[in-house]
Structures are given as structure tokens and as C-alpha cells.
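Two complexes come next, and they have one chain in common, chain A, joined by chain B in the first and chain C in the second.
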Partner chain A sequence: MLPDPNSLYGPLDPAPDAGYEDAPPRMGFFTDTSVCIGCKACEVACKEWNGVPQSGLDLLGMSYDNTGALTANSWRHVAFVEQPRPADVLGAPVADGAGPQFLGMPGSQPPGRGSGAEDRTDFRWLMMSDVCKHCTHAACLDVCPTGSLFRTEFGTVVVQEDICNGCGYCISACPYGVIDQRKDDGRAWKCTLCYDRLGAGQTPACAQACPTESIQYGPLEELRERAAARVATLHERGVPEARLYGHDPNDGVGGDGAFFLLLDEPEVYGLPPDPVVTTRDLPKMWKRAGLAALAMAAATVAAFVGGSS
Partner chain B sequence: MAEAHPVGFQWVVEAKRRGAKVFHVDPRFTRTSALADSFLPIRAGTDIALLGGVVRYILDNELDFREYVLSYTNAATIVSAEFSDTEDGDGFFSGFDPETGTYVQDSWQYEGHEGSSGSGHTAQERDSAAGLTHESHGAQVAGQTRRDETLQHPRCVYQILKRHFSRYTPEMVERVCGIPQEKFLELAQAWTENSGRERTGMLIYSVGWTQHSVGVQYIRTGAIIQLLLGNMGRPGGGIMALRGHASIQGSTDIPTLFNLLPGYLPMPHHADHPSFDEWVDSIRHPGQKGFWGNARSFAASLLKAYWGAAATPENDYCYGYLPRLTGDHGTYQQVLNMIDGKIKGYFLLGQNPAVGSAHGRAQRLGMANLDWLVVRDLFEIESATFWKNGPEVATGEIVPEECRTEVFFLPAASHVEKEGTFTQTQRLLQWREKAVEPPGDARSELWFFYHLGRKLREKLAGSTLPRDRALLDLTWDYPTHGPHAEPSAESVLREINGYDVATGRPLSSFAEARADGSTAIGCWIYTGVYADGVNQAARRRSRHEQDWVAAEWGWAWPANRRILYNRASADPDGNPWSERKRYVWWDAEKAEWTGYDVPDFEKTKPPSYRPPPGASGTEGIAGDDPFVMQGDGKGWLYAPSGVLDGPLPTHYEPVESPVRNPFYGQQANPTRKMYAHPVNSVNPSPPEEHSQVFPYVFTVSRLTEHHTAGGMSRTVSPLAELQPEMFVEVSPELAVERGLDHLGWAHLVTARAAIEARVLVTDRLTPLRVDDRVIHQVWLPYHFGFEGLVTGDSANDLFGISLDPNVLIQESKVGTCDVRPGRRPRGRDLLDLVADYQRRAGIVPGQHAPAVTTDSVGEEHGAS
Partner chain C sequence: MSPARPPVGDRFRRFRDRLAAEGSDRPEAPRQGGPAGTDDQADLTPPPQRTAELPGRRTGRRGGRRGGGEELRVPEATFTSYYGRPILKAPVWKWDIAAYLFTGGLAAGSSLLAAGGQLTGRPALRRAGRVTALAAVSASAVFLVKDLGRPARFHHMLRVAKPTSPMSMGTWILTAYGPAAGVAAIAEAAGRLPRHGRFGLVGRALPSVGHAAGLLAAGAAPALATYTGVLLADTAVPSWHEAYPELPVIFAGSALASGAGVGLLAAPPAQAGPARRMAVAGAALELYGTHRVETRLGLLSEPYRVGRPGRLLRAGRLLTVSGVAGALLGRRSRLVGALSGTALLAASAVTRFGIFYGGVASARDPRYTVVPQRERVNARRTGGGSGG
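Entry: the complex of A and B
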């Protein structure tokens, strides 16, 4: 069988591409942040089920986020974003050049400083439970020299901790900054999408614990349909800022196995706006390298041939 | 709700999915606000002003559900001519007695019943938190009343209500609560538009709402709105009291309270209830309508369950064995008694007052002055180690070597390590299986009490002392199993359910209770949970396999009824108010009540039934009286008795407030329970001088990440790391005013204590414009203490002890304080700082400012 032309980039069903015959449907997460209440039950359930160690007892001052980021010791991370309501959400027209635009970026000042009480009746507190995206084209997996990272029959990406040699290539390869090295053992760790539970027909711990069905688990195709319907409903109900992130098989990573409904730009939540699999250009690079090697060889040959004449 | 009850909040999210509009009222923007359609920031302690504004909006615009109000409430009932309102008394109703600081309620009664219904001496009712007995039923009132169905009589409840709330205008709501008028009107409009025949609206509160000196009246105001809008007894309506995790409802049904017996039977008082008959009559109140007419059967069956064969009709079922109240035995009175050396021993079970109760210093000083203290908990909590690690050790007030209290710490089994039931907020009993064995010496409470009782009885065996009979005659025969002789929880549930004494057959309904000693029932409202010998609480049929009422999931008291007073979901003729809101109705063909739920009405009593003159008890309830536990069968817009601080809710300022009451000369609840004790100083409020010494309002509540006093969360790594430090939330404006830095330190000072916390500057706190002033509010989590993986000062240390008069709950959701940058002083300097604030505020320890702050009381009292 010829390898899929989209093996490294473009729409693809990853499990059959990885060689699974009769693979079950691709499974994933749809995280609907519009109903996230920031309870962090996902973080706790993940740690409990997977035996993930403590990630530190530090008050970070990032709203109610004391986890900080997805790390080797935090496989779910709930981001909290306190922001003034953008003007267009309030329904007021945004005049061109009417003062600085709010970009949703965390400022160096505490939120709201400098504004008066009268101006601040409305306010938005966004919450999002972030997780490994289980990319269609997973650069971490592509670069792993030991085969520790592998594609499961469910289309998810899992680290086998007993094979990982701690080289760290996967860490720089991940376009989302998800996979991370554990300080005291040097190996790479991340969400397994509860591979052990999936095999037993169970729901991943985080989705099971989520009280509001913000984290939904299921066949990816079904989740994508459900997500599209949810966005349409929210648009109908006057939430025009609702949008999907990571759902599109034509994006830079071939679509995520864990995708999101967001209420603002991805940057606001600390997500890259246009992630691209870092191994996308691998064939091109191999081609270039091959060409360069050929040219070098040709030049060498030419030099010898020329010299003898 | 999302903060404190995230699992329950899934149903709010579900309602939103179906198009419900959610309003959230809170002093700060929380995780609930984040998902609400509209957020109303409110000045802590002003909820009656807000809800009173809604009442006025309804009445002024005649938006009440008139047919419902006329038939099902006491709107038309005429009140005594002797009644006078707070509008005429500058914040006082008629009948105030300045001597005791309580009301004589005779003038509040329905016309023609003055003096015959009210108990008169409410000072004693206050001491015994008598309001708690009304959890399952209304207060006493005469059944037959005079009514004006046109609602025009100037003394009918409807007109009194209208006059009482006439000044609660949108302007006043803004002025008192700091809520902009447009926001208020948006709420009032949405609430009224989503109520009526076709629609219902729900009011949800968490227990923080009750922790005010007017806490009961908050809920009363909500009840008035829900009755006016026809939202009671109907699907999607009601008042959802989100009670504490996981079985606070259960711990009042089968009470851990000093003044109640199971099923809301009152604990007898030594002077008022010398005999069984007098006690029972005080409950059933002969002549009154409703189901409490059967109180004798419930009481006799309870005593029969306690004392079995020893309990006979001849000896009044051992009524003499029951302990008696002699006064206020509430938890706060007890703590002060401990400090004063009047209490020698104490049991603490699953409770951490050193952190979780108001005035932590008083709690710790009290516990440090006992002979012995037994603490049963999962971890070694602050209430077990205060004598060596508490803040008073640093200040020198407790010296570990000299502390006289001997502390016995006994490890307890957690909820997954034992079997039993939880009773949640819907009165739903859910059975839990044991998942794992408890570790080491940890044991269940059931094990502890069973074997404690067994050993006490063994030690007393052969005693001839009369005082030991109560213990020796107890039925104490639960079967045990396993290596540790764990008692069978199901056998306890069977006893709670009740059984026929002769045959042992479990009863299926409290209607089977008898007063002749032939039935024994541990808690009459739970009868049916073990019907047919089956553990009904263990039923777990999925909601996807039954109708939306899901009657086969667990078991709800009473009688597996999911919505109380559901007769009100049908119109007076017994037909559903609307197809959309169809729930329980009269089936004329079968001549019985039917529906999705268990009808809360006598099954075959037709809507047309009218009681014969002079009828009482259940016979007195007419076919269109849905509120069958009320003495007149009606929902009470106006409470002629039962509520000690007034028949109608009235806005009083919190005990500690920076603001003079904009409504009345009377500043705070005049009937609140005050304890003038040297440890219990109160910050001054207007009209007293020096209130500016404590210029800021503080409030406390829960974080999702922690549980109550932190004993189950600060001790557990995956939870502790999510909120690892004590912090205080302040608005950017206050941060500038007081020089506070994000993630820096601040300390807060009251007349009781000074505590420190890291600063979170956030837009979620907003300064409010109140009465032409800017009021700053700060918020703190109350979870932190000095033990566990993560520690911090306790927010509850800041509070003093001032109680609601009805149920003796403490005002621990609002107080005044000063906020200063930096860390607090250490050692003796800390005491000096607090003493300095007391001096500047003119506080004399042990003295209280007078409760009455208006001159009109003496005159009014003299005239009545």
C-alpha cells in the first residue's frame, strides 16, 4: 500500500495511516468553553486517575489559575481570563480609530486599573480547560527517535513512559507547547486521552468528571457535528463571538483530536492562532537536502573529470 | 452556585440550554456570574431592599398571579386592628418589648384571634431557636379566618403588604443596594414575565444567604415573591435552598441541633412542656387545620422507637426520659460558656469550629478551657491542634504546657468508607455503598456511637439510679458484621422508617403512625423509605429510563414527593393551570388526585370539599387549600406568628455597616441575639460614632477548589495546589486607595482580630455607589487555617457573634473592617493592634451598643 499523500500534512484519518486495520472510529474531545464553570474537576480527576504528581503550591495571581500551563505534571489546565467586555459584544459599533482596541492580551497592569467604577458594570470571565490536542499530524510523534510516542487505534497520541529516553525532541516539536519533560525523571509526559480507560470502553476521567458537559468525549466526527450545531445555536442566541478552534481538517495540523469552542480569539486563551505541524516541510527539506547532496556529488565528479582533462 | 455547588449547577446550564434566563446577585463576580445572563453586584446585607423592590414592582404594576394569590395565599385574610407596621414605627412593628428586645405577637394576629394564636413570650422562642421547627410546617394559627376576596379592605394582608413595601422603589434599591435601576428593572421584569399560568421562575440560594442577622427574613421575602407570582408548588418554580454538602438537610431532618428531635418535633422545654400531653398539644395545636393534627402519633411513635418495650401509654412512652431545654443551648452560647468555664467536655464530629465558625478566636479560647475534647475527623484538623499550633499560642493567650483541655483525636471513616444515606437539598435520600475499607483505626460515626452506647450501657448495667434508666431502657440492638462489629446501616434505616411493633412489618406511610404504642418510627417524615422492607433510597433507575420527575431515583421525603405543596400546580377546580405546566391534577372520573408526582393532598378529597364549621386537623383543610401543613392551609405572604422579627421582612442594615439605614430610624434588626461578652466586641455602626474606623465591607464565601473549613481539601494535594494560599480580593480602586499590590500582602482588622492575606486585585470586585458614597467591598475565602498542606489565616476570625433571632444563625457573611497594606504584626503586637482599633472605635469590651436606635419605640410601646 502506498503511503497516504497527506501522511505529513492535510486531511487524514490517522489510525489507518498508522497501519491499523479495522481501526475503531477516531475518538476525541470537544471542549465547549461557553459552559465551562472553571471548577477544575477535570484537573483533579486527571491527576487522580493517572497518578500525576503535584505541580506546585504557588499562588500565581493569574485570576483563579494556579496551575499555569499544561506541563508534565498538569495534563489538563483550566485557563481563567478576566476581561472587559469587548465593545462589539455589547452591540455598540466599533468606530475606526476610536482609541486603543482591546486585544485580549494579558496586560502588565492588574485588570481594570485606571478605569472608574461607573465604566465597569459589564465584565467577562472566560474559562477554558486546555489539554493535549492529539493532532492529526503529531509532530511529537514524528520526531520521536525511540518510538515511545505512538498513534493508538483510536487516533490519539500516547507516550509509552517505559521507552521514552528523555531526548526532548518532542517538546520543541509540539506547536502548542503541550508535551513537557518531568524535572525529576527527565521523561516526557502528557495527556493520554486515558488510553487505559478507552480500551475498557470508558470515558476519559476529565470528561467523566465535568459537571456541565463542557468536556465532551466521543467519536470525532460526531463531536464535530455537535460542535457546529452548538456554534449555530450560540450565534442565534446573540453570541456572535462563538467560534471553533482546532476542528478543521484543513488546518496546519490536519485538525485536532481535541478541539474547542471559544468565545474570543485563541490568543486570549493562550492558544496559538495558526498552529502548523513542525514536520510539515520534512519531505521538502529531505528533497532539498537530497538535491544539495546530489549537486555536491556532481560538482565533485565534475572537478575530478575536469581535472583529468 | 457554580462556586459552591458545581455539580448542581449542571442543571442551571441545562436550563440555559433550553432558553432559561439566569440572573445572579452577589457582592462579587463569581464563576456563577460568568455563566449568568445578567450579574447584579449588591452591597452585602441589603437583599431585603432588593427583593422588597421586586415585591413593590409586582404589586404596583398588579403583576401578581391574582387567581393563585386569592385562592392559595392569605392575601385576603384580615389582620388585627391592633397591628401597626414598620412604616409607622420607624422600623418597628407593634408589640416590641425593649426590656427583652423581642416582640409580643398578639397584635400581629388575624382579626379575631389576637392573643389566641401567638405564643406571647417570644424571648424564650428566640433562646430555643424555635423558628427551626417550622422547616416542615407553618407556625400555629387559627384555622378559621375573616377574608375580603376583593382585597380592598385596608387591613387585609394584600393592602398591608402594599403599604409595607411602598417605599422600596427602584430609586431606593439603587440607593441602598448599589444596584443601578436599569439592572434592577431588568431583573424585576424578567422575573414577572417568566411567571404565571404558562411559565414559572425559580429562586436559588446557597446557605451563605442565611448567615445574616435577618437571614430568615431574606428567605421570607423570596417566599413572598414566589407566592405572589404563583411559583410555589409548581414545576420549575419554588425556592431552591442549596444546603451544605452533602447531608445538611439530613442533619436537620434527623437533627444535630439542640432544639429539635427527628422530623421537626421540638425538643421539650422544662417549664412549658412538663407532660407528654402539653408537649404534644404545643405541636398539634388543637383547633388548627393541617397534618400536624397527627402530631401525637408521630411523637408517641418516636418515643416508642427510642425506648421500645419500656415505652407504654401508661408512662407516656417514657416522655420523662427526654432531655429538656432550659434556655439557649446554641453553639455560640456554648462557646461563651466554655470560655466562662461552665462546660467541661465537648464532642466535635466532622466539624472544625476553630476555622469554620464565626469568631475563631472565641472558638479556640473556649475549646482550650475544657476538661476534655473528642475530635473525630479524617485529618488532624485545627480544632484538634489549636492548643499547640493555634494563633493564640503565638500571642501567648494559650500556653501549650498549661492548656487544660485533654484532646482525644479519633480518626473517622470518610463517606466512601462507610454505607448510609445522604439527604440532599431536594429532600432526596440517596444510599451510598461502601467503596473501600477505612484505613487503620478509622471508623464510621455509626460504629462510634453504637459502641459508645454499648459500653456506657455495660458500665451502667445493674444501676438502680433513676437517671440511668433512659440509657438502660434504650433499644440498642442493631445487628453488626465484620471484624470491627460494624452496625448495619440498613437496620438503622429500617428503624427510621418505622415498623409495626407487633409484627415488625416496615410501615409504608406516616399515615400508619399510631398514638397507642403499636408503631415505632425513628423519623416520621422518612416513613416509606423502607416500605415493603426494600431500601427505597438505593434505587438508581436512570433518568433516561423513566419520566422527567424520575420518581425511581432515590427516595424523597415525605412519601417520595418531589415537589411540596404540589396541589398548587392545579387551579382551585383541580385542573392544571396550563398544559405546559401540568404536574398534579384532579381526575374527576376516578375521583382522585393524580399526576407525575405523588400528590401532596388527600388522594380522594375533591377540590369542591369545604370543611364543616369547627373542623380541625386534616378535616379542616378545604379542597382548594394546597398548603396542607399550614394552620390555615394558605401560603403566607404575611406571617402572623412563627417569625420572631416581624410578620413581614424589613430592611435592616447588617449589625456592622458603614451606612445609616436609609429606610428607618432603626438601624439593625432590633430582635437579633446579642452576646455582651468581653471577647465579643462589635464594630460601631451609625448612628454610633467612630464607624469610620472600620470603613470597608467584607464578605466571605467558598471557593470551588476547597471544602468548608478545609479539612478535606487543604489536606489533599490535587485540591490544595489549585488554591494554595489565603488571599483577599479587592477592586483596583481600593488597591489604589490603600496602596495594595497584586500578589502583595494586606491585613484586615476588626474589633476581634487582624488577619493577613495575599492580595488579588480584580475587576470582579466593584466599588458601589451607595447613598451618595462609594462603598468598597472586599472578599475572602473562609477555607484557610493553620494545618494542612496549604495554610493561612482564617477569615472567620474577623467576625463577631451576632445571631438571627429565629434560628440563631450567625451573621458571618457581612461585617466591617479596615484594610492595610503589608503583613500583620506578630506575637503580642497583634493583640496591641486590635486593642488600638478598639480604643479608637470607642469599644468597651463586654459592652454592647443599644439595639434600639430610634426614639419612637418607647412612645409606641407606651401607647400599646
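Entry: the complex of A and C
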């Protein structure tokens, strides 16, 4: 029934598995957060190109992050983490990931300018542009009952808005909390990795707009090599906490089509530390349901034939 | 980096020390979980230097001179998150999906009851079962369509049949079950049709058509009652997913108990014997399953024990037990039977809502996402060596 033994879990090239013959190489994003400057050009470019409605003005008090999370109306989200980090140990790994700290930003001045040097704190600012991971094993796609979500020839995952009936299953299934329902519309929306631009041989809007090349777009194989080299460089330069996230085809979702270079544990950025595609366990689930169904039938038979009253 | 500046990270250290001095008032994560849970718990509860979520509403900015008096509350859990925001999107399913879990199970249980009554010559059970099944499956359809973001597109479900999508499978199960249950219920009207004339033929044919339809519905019923367990489990919602071995058991038991409830309500005590036995079997499955999800999952059992889901599940247990007790002890009294039946129906509904909202609660709190996954990563780092 299932063509590839790995079609639910494990390393896999998704486009051929989805039935494409002569699929082009798998395309993806490598987001290098170590060069992100938090300009949010990606958020804006995405909204512009894809015609994503505005999400309203909201001040969240989360550093410069007033987007909050990936939602139906924000397909790129720049996270800002303000983190105290002693300079004398800069270079040594943070003690198992100090959490986000609030440092009074935004304020009218940089921290410590008005109060003098003695009140200054030392902190680092982590910024990360988050996006749909275009998982190798995409739970959203697996569970979609209408076939609205589909795998493109580039190995990405896209919602067809004319098919989606807003059942909401994908939203509970995504282990990253990416895909979301648009309230006034009822359907599910998320990053398409600019499927329309890809088809025309163009770069996705966010990667095109990123001024620091924090967002890099290209064939996934190539990006993985580039990322490994970048991590090695950073380690050499004394940033041992640099690590990749979502690059490994052996992880719980078979590797992400959009992966990241992070400077702290994933959960600091609001990413799950060890996501697993829920459909990994689906065969076991059906088996349990089958057993339960049998038990039910047997109990009914027993109830009617056993006893006489 | 002026040499005059105070030691770097001082404010953070002060903050950390203060937390350590005040101690953590965090409700300790349950330790009776699996062995993995207990081992790694130590790892995750050091003196809280891994700061937990920042309070959602932080009072005051730290920019001014607060003299180190940070307004940060003691963390509630030792894990890191992004401003305490949930990682997962909570299910967008509303209460009507919980209600559907109940009506779908009720339909399945009633069809089984009806088929049993039909095959063993207990017309009261047959009639009540068939009529309830049709009513419940109709209500199910309404709940399901109503919950869609685009109700007018409900038929898009019929474009595909996908074994990887429990919702797709469920749609097809319902498509097979619904009409059969409908025909079986309509056949109950045969007795009211005239024996002669144009309707006479229909009237004479209906019982056997109803017989076949009733058996068909009963054949699909166990699938209808148990696929919903997979429906919930096949999500990233932590407390649903990890409960995948138990959810179908609970739902099967709950469906049997509700079907039995219908029988106890509708049938005279002389015919209600099978319903009583069904009630016992259903209650046993339901109680066993809920007990397992409340205790086996370590931290992920917590959402089923506290708050509204906890209250719902406790109420469900109480109702189940009293329903079964009533059914067994009051076997001669029609009134006690009816009361027990009502209790069983209520128990089934309440249990479904408890399971549903327990899962929702687990998706809303990043703790239930981060802590188990972090434990996994740490275990792999220390044990496997290969590093996540």
C-alpha cells in the first residue's frame, strides 16, 4: 500500500515519493540566524508578494517582536530574544541555554544610555526569521482529508485555497505550530515557499529581500553543505554554541526543507526541541483502533448470547 | 567594554540567585511516569537557572532604575520558552467536535444494541437502538459540518480517500454507516404503514430491508466508534498523541456504555439484560482507559487530572460507576434502569469532553511540548552519544 518503507518516517526524498517523475532538485531555505539583523524585510516582502492580509497593530511587549508567532497572516516571523550573556564567557557555551530575558526594549534609548555605565547590562540579542519548515514528513499534508495540502515538485508543501474546507486537522497536526486558520475566512494558510516564483525560476520573496543573506534559498543539498561549512567557520571563530536545526534527514520529521542555524537551544526561539511527525505512529494507532473495535464487537456478542435475562 | 563597568551579567546572576533563594514553588511534575520521566526529571529541575517562561504580563519596564528589583515571578516550570508562548497551535476545533465524539459513539453503540435486539428477538432494544442511531448520526453530521471553516465545502472530503488521514477514513466510515443507519431506522416505521395497497408492498418489504441495513450499520459501528481515537491521537497535541494506545479503548468503551444506556432507558427490565451486560463491558473499558491516560503518561497525564478536564473526567467516572451499579442492582425496576441509562449517557458525554479539553490544554501550554522533547534530546545526548 505504501510505496516507500520510509514514506511515513525516516530519510526520504519527498517529491519522487509523492509520484513526481524527473522531479527537480528539492529546494529549501537555510536561515542563518547569526547574521540576522531583525529588519523584518522578509515579513514585509512575504506579505507584499503573497497578498497576505494585515494582522492588525499590536504591541506585544516582546522586544521588537510585535508579530508574535507564525500565523495564517504572518508566514515569516522574526523572533527577538534578549539574553544576558556574560562577555567573559562569550565563546563558552551558555549554561544549557538561559531563557529569554526582558531587557526593557523597546525603549526610547538603548539600554543603559540614560542611566550610566554602571546600570548597563550585557546581553546578546538573538533574532531569527521563522517560517514553515516544509518537512520531509509533513504531518499537515499527511492528515489533510481533502487533498488540499500537496507536495510540489520542489519537495515543498502547499495549501490549495480553492480546495481547503477549513477542517482544521492540519493545524493540530503540525509539530511546529506553523499552519493556522484565518479567522474571517475559515481556511488554513501558511508559507508556500513562493511556489509561483519557484515555478518561474525566481527566488522566494523573503530570501530576495533579506539584506544580510540570513535567508538563503537554493537546492537543499547545496544549502546543507553551505550550512555545515558555516557552522565550522563559526566554531573556529569562537562561537561554539552555533548549531544547525532541522538539517538532519534522520530527525523526527525526516529533515526540514527550511532549516536553521541557531545560537541557542531551539526552545529559546520558540521551536520544539525534538519534533516528531505524528503519523510515524499511525500504523500502530490503526492497529490499536482495530483491536478496540474487535473488543467492542466481541463485547456486544457476549452481552447478547451470554445470560438469559 | 569600559573597565569601569560592573561585572558582566551581574543583573542576571542576581536574578538567578534570588530565584534560587526563594526556591521554586512550581508544582512538581508528576514523577510516577515511566522510568524515562523520573531519570530526566532531575536533569530538568536544577536550581532554576534555566529560566522558565516570563510572565505573560510583565509589569513595568526594566529600563529605569529599579535597583535590581526585577518584577519577574518565580518560574512555574523549569524549561525555556519564547516569552511563554505556546509552540503548537491549539486545535481550532470547538466544542462541537467533542460533542461529535459523543454522538458518533452513541450512534455506534445504539446500532450494535439494535442489531443484537434484532437478532435475538428483543424488539424494544431494536427499535430504540435504530431510532437513536439515526438521531445521533444526524447530529454528528451537523456537528462536523458546522465545525468546518468553510461548511459549504464539506463535500471536498469526498475528493480523496487517504489512509494517512483519519479524518478522511472517518468520512468514508460515516458515509457507509449513515445511510445504513437511516434505512434501518426508517424501516421501524413499517408497522405503521397500511398492510394493503401501494404502501402495502413497501410495508411488507421494509422489515427485511431494515434487517439488512441494521446489520450493515452494526458492521460499520465498531469502526465508527474507534476511529475517533486515532483522529485525536494523530495530531501533534502532546496529551492526545501519547495516549494513542488508550484513546480507541476509551472511546469503544464509552460508545458501548452509551448504547447500553439507550437500552436501559427504552427497554422493559425483562428485555434489558444484554444492555446491562453491555454497560458493564463498556464501563470496564472506559474506566480502564481513562485510568491509564491519567496515570501512564507522566507529565502529559497532568492535563487530564487538573482543571476543567480533570473535573470532567472525575465526573465521568462517578457517573459511569453509579450507572453500572444502578443497572446491576436495580434490575427489576424500570425507574432505576432509566436513571442508570441516563447516568451512562451523561458519563459518556462528559468523558469525551474531558479527553477533548485535556488535549487542548496540553497544546496551549509550551511546557507539555518542550519538557518531554527536551528529556528525549538529553537522554539521547547522554545515552546514545550520537547527539540529537
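The criterion applied here is as follows: the second predicted complex is superposed on the first by the 249 of 309 C-alpha atoms of A that agree within 3 Å, B and C clash if a C-alpha of one lies under 4 Å from a C-alpha of the other, contacts with A are read in each partner's own complex, and residues count from 1 in each chain.
FYI, a contact is a pair of C-beta atoms (placed from the backbone, for glycine too) under 8 Å apart; a residue touches a chain by one contact, two chains touch by 3 or more.
On a predicted model such as this, the values are computed, not experimentally measured, just so you know.
Visitor: Now for A:Gly61: first (chain B), second (chain C), both, or neither, which partner does it touch?
Guide: both
Visitor: Between chain B and chain C, whom does A:Glu222 touch in the aligned arrangement: first, second, both, or neither?
Guide: Neither partner.
Visitor: Give one of first, second, both or neither to describe whether A:Glu241 is in contact with chain B, with chain C, with both, or with none.
Guide: The answer is neither, since A:Glu241 touches no partner chain.
Visitor: Touch check for A:Pro84: first (chain B), second (chain C), both, or neither?
Guide: In the superposed model, A:Pro84 contacts both chain B and chain C.
Visitor: Name the contact category of A:Pro273: first (chain B only), second (chain C only), both, or neither.
Guide: The answer is second: A:Pro273 touches chain C but not chain B.
Visitor: Give the label of whichever partner, chain B or chain C, reaches more residues of chain A.
Guide: Chain A has more residues touched by C than by the other partner.
Visitor: On the A-aligned overlay, A:Cys39 touches which partner chain: chain B = first, chain C = second, or both, or neither?
Guide: In the superposition, A:Cys39 touches chain B alone.
Visitor: I'd like to know which partner A:Asp4 touches here: chain B for first, chain C for second, both or neither.
Guide: neither
Visitor: A:Glu213 in the overlay: touching chain B, chain C, both, or neither? Say first, second, both or neither.
Guide: first
Visitor: Is there a shared patch on chain A that both chain B and chain C touch, and which residues make it up?
Guide: 61, 84, 111, 114-115, 117, 120-121.
Visitor: In the complex formed with chain B, which residues of chain A make contact?
Guide: 35, 37-41, 43-44, 47-48, 54-59, 61, 63-64, 66-67, 82, 84, 110-117, 120-121, 123-127, 211-213
Visitor: Can you name the residues of chain B that touch chain A in the complex?
Guide: 2, 6-7, 9-10, 13, 16, 29, 31-35, 39, 180, 183, 703-705, 717-725, 727, 731-733, 735-736, 742-743, 758, 760-764, 766-769, 774, 789-790
Visitor: Note which residues of chain C are touching chain A in the complex, please.
Guide: Of all residues in chain C, those touching chain A are 1-2, 4-12, 49-54, 58, 61-65, 72, 79-83, 85-93, 108, 112-113, 115-116, 119-120, 147-151, 153-154, 156-157, 159-160, 162-168, 171, 218, 221-223, 225-227, 229-230, 233-237, 241, 244-245, 248-249, 251-252, 255-256, 260, 270, 273-278, 281-282, 285, 331, 363, 366, 369-370, 373-374, 376-377, 388.
Visitor: Under the touch definition given earlier, write down the residues of chain A that touch chain C in their complex.
Guide: Going through chain A, the ones touching chain C are 1, 8, 60-62, 68-69, 79, 81, 84-88, 95-105, 107, 109, 111, 114-115, 117-122, 139, 142-148, 163-169, 171-181, 185-188, 251, 265, 267-275, 278-279, 281-282, 284-286, 288-297, 299-309.
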